[in-house]
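Next, two complexes with subunit A in common: one pairs it with subunit B, the other with subunit C.
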Partner chain A sequence: MTISESAATDRPSDDVIVELRDTSVEFGMERGQSRVLNEVTTEVYRDEILGVIGESGSGKSMFASAMLDAVPEPGVTTGEVIYHPEEGEPISVTDLSKDELRQFRWEEVSMVFQGAMSSFNPVLPIKTHFVETLSAHDYDIGRGLARAQELLSDLYLDPERMLNSYPHELSGGMKQRVLIALSLVLEPDLLVMDEPTAALDLLMQRSIVSLLEEIKEKHDLTIVFITHDLPLVADLADRLAVLYAFEFAEIGPSNRILEEPAHPYTRALLNATPNLSAPLEEMRPIAGESPDPVNIPEGCSYHPRCPLADEECETIDPGPYDAGPDHDVHCHHWEQSIEDLDIAFEETSDTGKTPSAVDKASGDPLVSLSDVEVTFGSANEGWLDFGESQTVTAVDGVSLDIYDNDVVVLVGESGCGKTTLAKTAVGLQTPTAGTIEYRGRDIWEGASGSTLADKEIRRALQIVHQDPGSALNSHHRVRTILEQPLKRWHPDLDGNDRRERILGMLEYVGISPPEDYIDRYPHQLSGGEQQRIALIRSMLVNPDLILADEAVSALDVSLRVGMMDLMIELQDVFDTSFLFISHDLSNARYIAEKTGGRIGVMYLGELVEVGSAKRIIEDPQHPYTKALRWATPELDAEQIGDSEESPMRSIDIPDPTDPPSGCRYHTRCPEAREVCATQTPGFVDLGDETHAQKSACFRAYDDHEYWQSASITDEHADSGVDTGGDTDSGVTSESD
Partner chain B sequence: MTRSEDDSTTTNDGDEASGSPGSVDELIPNTGGSNDDGSTAAVRSDGGTVDTDSPFETTSTVTETRGDRVDRFLEEYLRTPWSILRDDWRALAGFAILSFYVLVGTVGVYLVEPTYPAHGPKLLGAFADWQFPLGTTSSGRDVLAMAVHSTPSILVMMTSGALFTIIVGTAFGVVSGYKGGLVDTALSTITDVFINIPGLPLVIVLATLLEDWINNPVTLGVLLAVAAWAGLARAIRSQVLTIRNESFVESARAMDLSTRWILSKEVLPHLMPYVVVNMVNAARSIIFAAVALYFLGVLPFSDANWGVMLNNAYNSGALYRPAAYHWLLVPMIAISGIAVGLILLAQSLDRVFNPRIRARHQDLGGDDEPIDADADADDSTKEMMNV
Partner chain C sequence: MNWKIRRFGQAVFTVWAVMTLAFFLTRMMPGNPVDAFVARVGPQLDNPQEAYEMAEIYMNINPQDPIHIAYVDYMTTMLQGDMGMSMSQNSSVAAIMGEAIPWTLFVMSWAIFIGFAVGISLGALMAYWEGSKFDVALTGYATIITSIPFYVLALMLLITFAYRLNWFPTAGRRPEGVEAGFNIPFMVGIIHHAILPIFSMFVASGVASLTMRGNSIRVLGEDYLRVARLRGLADRTIAVQYIARNAILPMYTGLMIAIGSMFGGAVVLEEIFTYRGMGYYMIQAVRARDYPLMMGAFTVITIAVVISLLIADLTYGKIDPRAGNEDHDAF
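Take a look at the complex of A and B:
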C-alpha cells in the first residue's frame, strides 16, 4: 500500500515491466468476429501488484493470455505486447518464435491458472513436476530443487513431504500453493495469476492472498492478479484495473478506486458487491447484462446499462480521461459521475424495503431436526474387505428448528456438511440417525428406500440447486420444465391454463417478454434467467420450505444482489421458508439481515454457532465464526491495510474421516486449551430476549474448567506448516 | 375445462387483501424488454389474462383442443427432426439408400418374378441379357430375382433384432442404473450372465431347438440379438449412474414426478444419441451375423437369401471362376449397401437429439433465429475463453 502511494505520483517510465498497445484478441465465429479483448492499452509497473477485476465474460482471462501471447487457437492477437526486462532491450512478445516464447514464458513471466487440480499430472509425484520444468529450461536441477524447497516452506508447506507426494494426496489449497511454488521456481519477474483462488474456500483464499504479499516482497515479484472478486484483491493490490466488456473501464490506485470510483460501472459494481459492513440499502444490482462479444455497443460499451448515458456515450468511445494522479477513467462524464451517480441510482431503483423483523423463533417449528447424523461410506465388514474402514460422518448430531416464514442461512467451508445437512432437512438425503419432523410428523415414517411416503411432505420441501446449468434438463424447453410440477400437483389444469400460468410467473420474475422465453431451451438463457426458472419451478408446487443450495454463487457479482432480492420478495409473497446455503459470509449476511433470519455456522459436521445476522457479524462468539469473519474481505478502504494476523493456527481442515476429539475446532483454534481436546462443548444460549444466539464453545461459560485449563497453543505458536496430505492433517498441530 | 373465472377471481381477491403488491418488478433488473404493466391485468392476444398480483392462479380462457396437442406432438417428433435432417447430406443419402431397400422389399417383389432352377441359361454374365440383368447362377436361376426376393425377410430380421437389442438393453440399463440397490444387483447379474454366454454356440443350439420357428425372420432376428443387448445394457447403466446424480434429476424427485417420467423424459433423452447409434450398429451386425451363419450353413434355410447365395457361389468356385463373379458380387454389394446406409443414418440422427440444433430448427416464428445463434455462439465463445 504505502509503496504504491509514494511511487504512484511520478513513476519513471523505465519502471514499466509490460505494456500493451492497442491489443485485441479476436475469434472468428459463425456469425462474425468475436472481440474478446478490445484495443486495450495499459502498462504494468515493476514491483507492483495489479488487480484486474471483471465479471465472467469480460475478457479478463484473455487479458492474461494476451500478456504471454498464449491465446488459444483459433484466437488471433493483434497490437503490441512489449516486455521490458530488467537489463537489455525491450522484447516484443507477439513477435517471438515458438522456442523463444517457451523460454520467455516460464523464465520471465509465469502464470498460475485457476483449477490447480488439472494442472498436475496425477501419475507423477510433485517432485517430477519440478524436475521436468527445470530440465526443460536447462536449469541446474539441484539448485532449482533447493529453491523449490525454500519456496514451499515460504508457503507454509513441508517441502520434503510435498515433493514426495502425488497430486491426489494433497488438498485443493495445498495444490494451489504448490502450483504457485512451481511457477516461481525459474525466478520469473512477473507472475500472472488468473483466478488462482476461485475454486478454494474462503479461509484458504484469504490465507493464500496474504501469503502472496510475503512472497512478492521476498522474491521481488510483479504480480498481476485477475479475479471476479473485488473485495478479495482490494487490500492486496497496489493498483486496480476494472475490465468491462473487453476493455478497461477504469484503472488507478486501489484506495482511489474504492473511495472515489470515477466510472459509473465501478461504482455500480462496488454497490452490487455484498459485504459485511455496508448498509443494506446501499447494495443494489446492476441492471441489464454484459454485452455480447460480437455486438459490442457503439461508443461507450457500458451505455446501455448506465444511468448517466447520453447521446455522446452512444456514439463516441470514451478515451482515457485523467481523473487524478495515475488514475485513468474511460467515461465522458466521470466528473459528473462522482457527484450525480448516487442520485441517478436513487431514481432508477427503489430498494427501500423494510425487513420483516418478526420474531420467528416462536410457535411450532415447520421443520425440526433433532440429533441428525449422516454417515457416508462403508465400514470394514470383515473378510474379503481388506481396505480400511472409510466412513465419513458428514453431519454429526445437529439439531435445528426452522419455523414458518423463517430464513436460515448455513455457512461453512466446503466439506463441512452444510449441503448434506440441508438436503437431509428437505428429505433428499436419508439420515443415518436422528429424526426430521415436518409439522410434528416424522418425514421418513413409512418411507421405502430414498423416497418419502407422504407426498404432501414431499411437495412441501423443495430445492433450488447451485449450478443453474445442470439444474434444468438441457433437453427440455422452458415450457416442459415448468409444466411438469403443474401436471403433477394441479392436474385440473389443461395445456392452455398451464401455459398462461407459466407465462404469468415468467413475467412476474422479470423474464419478459415471456412468450419469447417459454419455448426456449436452457442453453438459450443466461445464467440469471436459468436460476430464475429453477426458482419458479420449485415455487410452482407451493412449497413450505425451499432449500437454496449456493443459489447465487454461480452468478455474476452484479446479478447476485438482484437474485437475492427476488428470493426475498418471493418468500414474502408466497409465505415460504428458506434454507440458504452459502460459503460466503457477506451473501449470508445480506439475506439474513434483510429478512430478519438467522445464520448457522457449521464446522466439520457440527453446528458451532447460530444467531441473528447482526449478532453473528458484529459479535461472533465462537472462534471459528471469528475466523470466517476475518476471512471475509472488506471493501471499506479504511479497514484495508490493517489486516490482522490470521486467527487460525493451521490453514487446512482436518481430515473428516478422522475428526479431532473433543471440540473439533481445537486443532486450529487460537484459544484452544487442554480441555478442548477431550471434552465436547454443547450449545450455550447467549441470546437476550429478542435474538437467540447460541455458540458451542467453552468460552461462552463464565465459569468453566476451561479457564483453568492449560493452553495448548503456545508450544505450537508458529506451527502454520502443513505436514502433509489430508490423511493425517488432523493432527497437524501436534506433529510439528 | 373452460375459463375458471370464479376460481381465479376469488383467490385473487384474497391475495390482494393480504397485500402482496407486484413490487417485484421494481426490484428486478430489467432484462432487456420493457415491463410496462404494473397494476392492471393485461389481456393477452390469445384471450388469457395475466394478473401480476397472483401468477399462481392464472388460467386460460381457451380450452386446449385435441388439435393443439396433436399439433405440438407433430412439431416435436416430426417437423423439427425432419427440418434438421433435411440439411444434412448424410441423412439424405442414408435415407435414400434405406428407402431403396425398403422399396425393393415391398414393391420389388411384385415386379420381379420369383425364379426357379433352369429359369435361364447357366452362368449368364451380368448385363449380358436384359431378361436376366444381373446374370444367372450355375443352375440357371436369376440372380436379380434371388437378391430381390431375399430382401423382405432380411429387412424384417434386421429391424426385429435391432429393436429387441435396444429395447431390452436400454430398459435393463436405465432401470438398474437409476434404481440401484437390489434391483440393480438382480438386473446386473442377468446382464452379466448374458454377456458371458458365448453367442455363436448359443445360436447354433437354439437354431436346432427352434427349428420350427427359425424360418420366421422375426424369431431369427431376436435369436441373433440374444447375446447382443447385454453389452448395451452395461454401457447404458454406467451412463445412468452419472445422470441420476445430476441436479435436475434430484429436482424432479423433490417434486415427486413419477419414476416413469424421470426415466423416460429426464434421463433417456441424454442417452438417445448413444441408443440410436447402437440401434443402427445392432441392425448392421445382425445382417452380418445372419449372412455369416447362412454362409457357414449353421442356419437351416428354405429359401434363397444373400447369405445362401454367397454360400452357393463360393461352393461353385466363384472365387476363382471369372464367369461366376457376378454371383458372388451381387449379394456382397447388397450387404455393403445397406450397411453404408445404416452408418450414414446413425451419424446424422445424432443431430436430431442435440437441443442446440433442435432449437435452431424449431418453427417458432421469424425472430427466433438470431436469438438462437446468439446464445449458441455465446456459449462457444465462453468455452474458448475458458470462463
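Take a look at the complex of A and C:
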C-alpha cells in the first residue's frame, strides 16, 4: 500500500483500540503462496460497532483471527497488530510470547465463531466451560460465575438451566448466546464476532443482533461484527468496512456507506443484495467472480469486474482516498463512481406487467395437496420394546394448490416443515395422510414403497437441491451428467443432437464457451456454475413443477440475484412451475414479486399465511408473518436506527415433538388470547373474491370470540424478547 | 428407566436363547452325545438303566424323558448353577470353571489393559506428531503387529524367551513348591508365569493405537478445540479433557467387547502356554469329547459377553452425556 498514513486518523489516537498496519496472512499452498489477507491497514475505535462485510473467500475470517494473532496453522501473520489498552502502553499483539498471548486473548480481546454448534466440548457441562476459563486466567471463580449468570440472563436465558446443561441439550440459538456469554466472562474490551449468526434462523439472528446493542452498552464493549450479510449489520454498526479480495475496498460511517457508497464494489453489492423495500429493477447481480487468493489481480483487485476500470486500475493499487469525514475508499475513480454509476443503474429494464397471483390461481391446479400430513419417527416397536413412541409431525394438515406457470415460495424457520411439505408435493416423500394430485390423478396410486408408479408423473415433478456440489456426481463430466436425462426422456435424439442441445443450454445459461465446459468435472466449476448445471439437468427433463430447495442460499450474495433471474427466465422458456423453499424473506419476495407468485408462510408444520408477495410483505396479517417481516433487516438508510421491539414473546421455538395446543404460535404471539390456546384457527380469505391472501389467525375475523377472550401475554408483555428457557415450561403448562 | 429395563430384558433373553440352543444342540445333534454316552458307558455297567442316571448326573439331561420335560429339568439345574459333571476331569463343571476363571481373568484383563493403555498412548503421540517420522514409523509398526495373529507372536515369544533365553517358564501358571497365598515369592511367581501370555496379546495395541490416532486427529480439527486454545486453557487441560476424552470415548464399546470376548480369546493362548485357565480346559474338553465341560465353558463365555455389553450400554451414558438421555437409544 502506497499511503501508509490513513486519511482517517483525524481522531485522537487514544480512541483507537486496535490498529492493523500492513497486516497480511499467508498460507503456503502447492499452487503457490496464498495471500488471504493482503496488507490491510485499518483502525478500530473504542466503543464502536464496526461491521465488516465480505463475501465468502474475501478474507474476512482471517481479518478476525489476525486481531488475536490466532490464524490457524500453517498460516503466517505478518505486519503489525497493535492493541491499545485503556490504560498503559500499546501492546504489539504479533510480538507477544505464547504465555502473554494466552493472557491477552479472552481477557482483552475475545472472539465468537460461527460454529457455536461445535464450540463447546460435548462431554463437559456448560458450567465447566466457564469455570475452566476463569481458572485458566486466575480469576475468582465465585465472582466470575455470578457475572456469567448475569450475562446469561441479559441474553434472555435461564442461567441455572444453562449452566447445568450439556451442549447437546441446547438449541443452536441458545448455544450461540451462551458462547457470547462465555466470551464476555473475563470482561474483555473488544469482542470480535466472525459470522456469529450465519448458522441460525432469521428470527434468531435478528433477536441476537438486537441483544448485542444492549450488551454492548451495558459492558462498555467494542464489537467487530464480521458477516456476509450486509442488511443484518446495517442498522447495528456505527461504521461499515467492505472487504473485497483480501483487502478493504471502503470503510466509513454506516449511513454514508449505505447512502453514498463511493467504491463501485460497494454500490454493486448494495444493488445485488435482495431486500424487502428496494424496487426490483434496481437489484442486479455483479458480473464475474471473486479472485483466487493465489492470483490476486495487479493494481486494484476489483478491476476485472469493475465498469469504470481503466489502465490506471490495472497497474496501480489504489490507496485510501478521503471520501468525506471518516470515510476512506480504495478506488481511483471514486468521485466518478458516485456520479456515474447510479445513472447506469437507473435505466430500468421494462419488465412488462407481471401477471398477478390472482390470474394464475385459476383453472385446474397442476399439483393439488389436500390435508397432507407427514409424521416421522417410530411408534412402539413391540416385542421387548418397552420404549415410548417418539413421533414428530413435520407437516400437519396442509392444503395447497399449485397451478400451471405458478410460483410458490415457502418460508419459515428451520424445522417448520417447509422442506418436508415441498418434497411431499413433488412425490419424494410419502405422506402419512392426505392426498397429492397431479392434474387430478393421485400420484401415489399404485406406488410401491417410495417410488411413484407413473413414470410420467415422476418426470413432471423435479427437484434442484441446495448444495449443487453434492447434487452432481463428482465422477461424471458435465456432458455425462446432462446426457442422462436426455437419453431417458428423448431416446429419439442421437449423440450429435444431444451434444448440440447441451451446448445450446450451457450457452443459454451463460456458461461459455460451452465446448470448454462440457468435458469438465463438477469440481472444476464454481458454485454458481454447478448450480446452473443442476438447474439445466432438471430442465432437460421438461418438468411441469420444479422444487428449488434453498437453491440460492449456498451462493455468494453477489450471485444470488443473477441465479434467481435465470430461474425466472427459464421458467418462462420451459413453461414450468416453481416451488421455492427459502428461509429468507428477501429472496422469497424477489422471486414471488418478479413472477407474480405467492408466498406461503409455515410455522411448526402448518401453513399460517398464503398470499401474493406484495400483500405478505406490505400488509402481513398473521402475527408470525409480521415477526418474519421484522426479522428481515432493511437496507434503507432512513429506516435504520428505529429498530422496533421484537414482536415475539419468546426467542426459542417450542419443541416440535410436543407442539402447543390450539394455534401453535400462541406461545410466542404478542396478540395471543386465551382462546388461541384452545382453538385452532382455520384459513380466512382476506383477499375477498381474489384469493390473494389467506391467513390462519382469529384476528382476521371481525367478529370472533377471540376479541372477548382475555389476553395471555400480560406476564411477559413488558420485555421485547422473553426468556428462552423458561417459556418452554410455560408453554406446556398453558397447553395442558 | 424404561430403556434400562428393556436393555436388561434383551440381555436375559440372549442368555436364555443361548442356553436353549445349547440344550437342543446337545440333544439333537447327529451322533447325539447323550445317546453316545449311554452307549459307551452302558455295556460296562451291570444295570444298563444306571447309564441313563449317569447321563443325567453328567449332563443334566435324562434321555428317557420326553424332550420338553428334559428341557425344563436342564434349564432348572443350570439356573441353580449346576452345570453337570466333567467326564474327563472327574470333578463338577462348576468347580472346574470356578477354579479356572480367576486365572484367565488375571492374564486376559492385564493383557487388555496393557494393550489399550499402550495403544492409546502411542495413538495420541502419533496424532500429536502427525506426519513426522515417529508417526510414520509407529503407523508401520501398528500395521504389522495388527496383522500378526497373536498365537504366532505367542509361539515366537515362547521360543525366544522361554526356550532359548530361559528367562521365563515354558508352561504352567504358578510356581512350584511355593505356598499359595499373599506371599511375595508366590506373587512374583504368578507374574513370572503370566508375562509371556500377556505380551502375546500385545497385538491388541496395534488396533487401539491406529483407532486412537484417527480419533485424535478428528478431534484436533474440531471448533471447540480452537475455542479452548483461544480461551487460554492450560495445555494439560486441553490434552486430557478435550482431546483425550473425546478421542477415547468411541473406543469404550470396543474395550467392553474385548473384555467380553476375552474368555474366547484365551482358548488358543492358554493351550500354547499350557496355562490352566478357561481356554485350556475348553480344549481339553474338546479333545476328550467331554460335552458337559464344553457346554459349561460355552455358557460361561456367552454370559461374559452379554454382561460386558450390558455394562457397556448402561454405562456409556455416564461417560458420554450425549448418550445419557434415556429417550434416545445409545446404539
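FYI, the second predicted complex is superposed on the first by the 685 of 736 C-alpha atoms of A that agree within 3 Å, B and C clash if a C-alpha of one lies under 4 Å from a C-alpha of the other, contacts with A are read in each partner's own complex, and residues count from 1 in each chain.
Following the convention adopted for this analysis, contacts are C-beta pairs under 8 Å (C-beta built on N, C-alpha and C of every residue); 3 or more make two chains touch, one makes a residue touch a chain.
Bear in mind the structure is a predicted one, so any value in this text is a computation, not a measurement.
Partners subunit B and subunit C, once the complexes are superposed on subunit A, both fit on it without clashing.
Angle at subunit A (Cα centre) between the Cα centres of subunit B and subunit C in the superposed arrangement: 40°, in steps of 10. Once the two complexes are overlaid on the shared chain, A:Val372 sits clear of subunit B and of subunit C alike.
When the two complexes are overlaid on their common chain A, residue A:Leu421 makes contact with neither subunit B nor subunit C.
In the superposed model, A:Arg537 makes contact with subunit B only, not with subunit C.
Once the two structures are overlaid, the count of subunit A residues touched is higher for B than for its counterpart among subunit B and subunit C. When the two structures are aligned on the shared chain, A:Pro72 is found in touch with subunit B and with subunit C. Judged by the touch definition given at the top, the superposed model places A:Asn121 against subunit C, while subunit B stays out of reach. Once the two complexes are laid over each other on the shared chain, residue contacts for A:Ala245 go to neither subunit B nor subunit C. Taking all C-alpha atoms of subunit B against all those of subunit C in the superposed arrangement, the shortest distance found is 9 Å. Across the superposed pair, subunit B and subunit C both touch subunit A at residues 72.
On the subunit C side of its complex with subunit A, the touching residues are 2-3, 5-6, 9-10, 13, 222-224, 226-234, 237, 241-242, 245-246, 249, 319-322, 324, 327, 329.
On the side of subunit A, the complex with subunit B involves touching residues 27, 29-31, 34, 36, 56-57, 59, 61-62, 72, 75, 285-289, 292-294, 349-351, 353, 426-428, 449, 451, 455, 458-459, 461-463, 465-467, 470-476, 480, 484-485, 488-489, 492-497, 499-501, 503-505, 507-513, 516, 519-526, 528-529, 534, 537-538, 540-542, 559, 562, 565-566, 569-570, 572-574. Looking at the complex, you find that subunit B touches subunit A at residues 1, 4, 20, 22-35, 44, 48-52, 55-60, 62-64, 68-69, 72, 181, 246-248, 250-258, 261, 265-266, 269-270, 353, 355-356, 358-359, 362, 364, 367, 371-382, 384-387. On the subunit A side of its complex with subunit C, the touching residues are 68, 70, 72, 102-103, 105-107, 110-111, 113, 115, 118-125, 132-133, 136-137, 166, 168, 179, 182, 384-388, 390.
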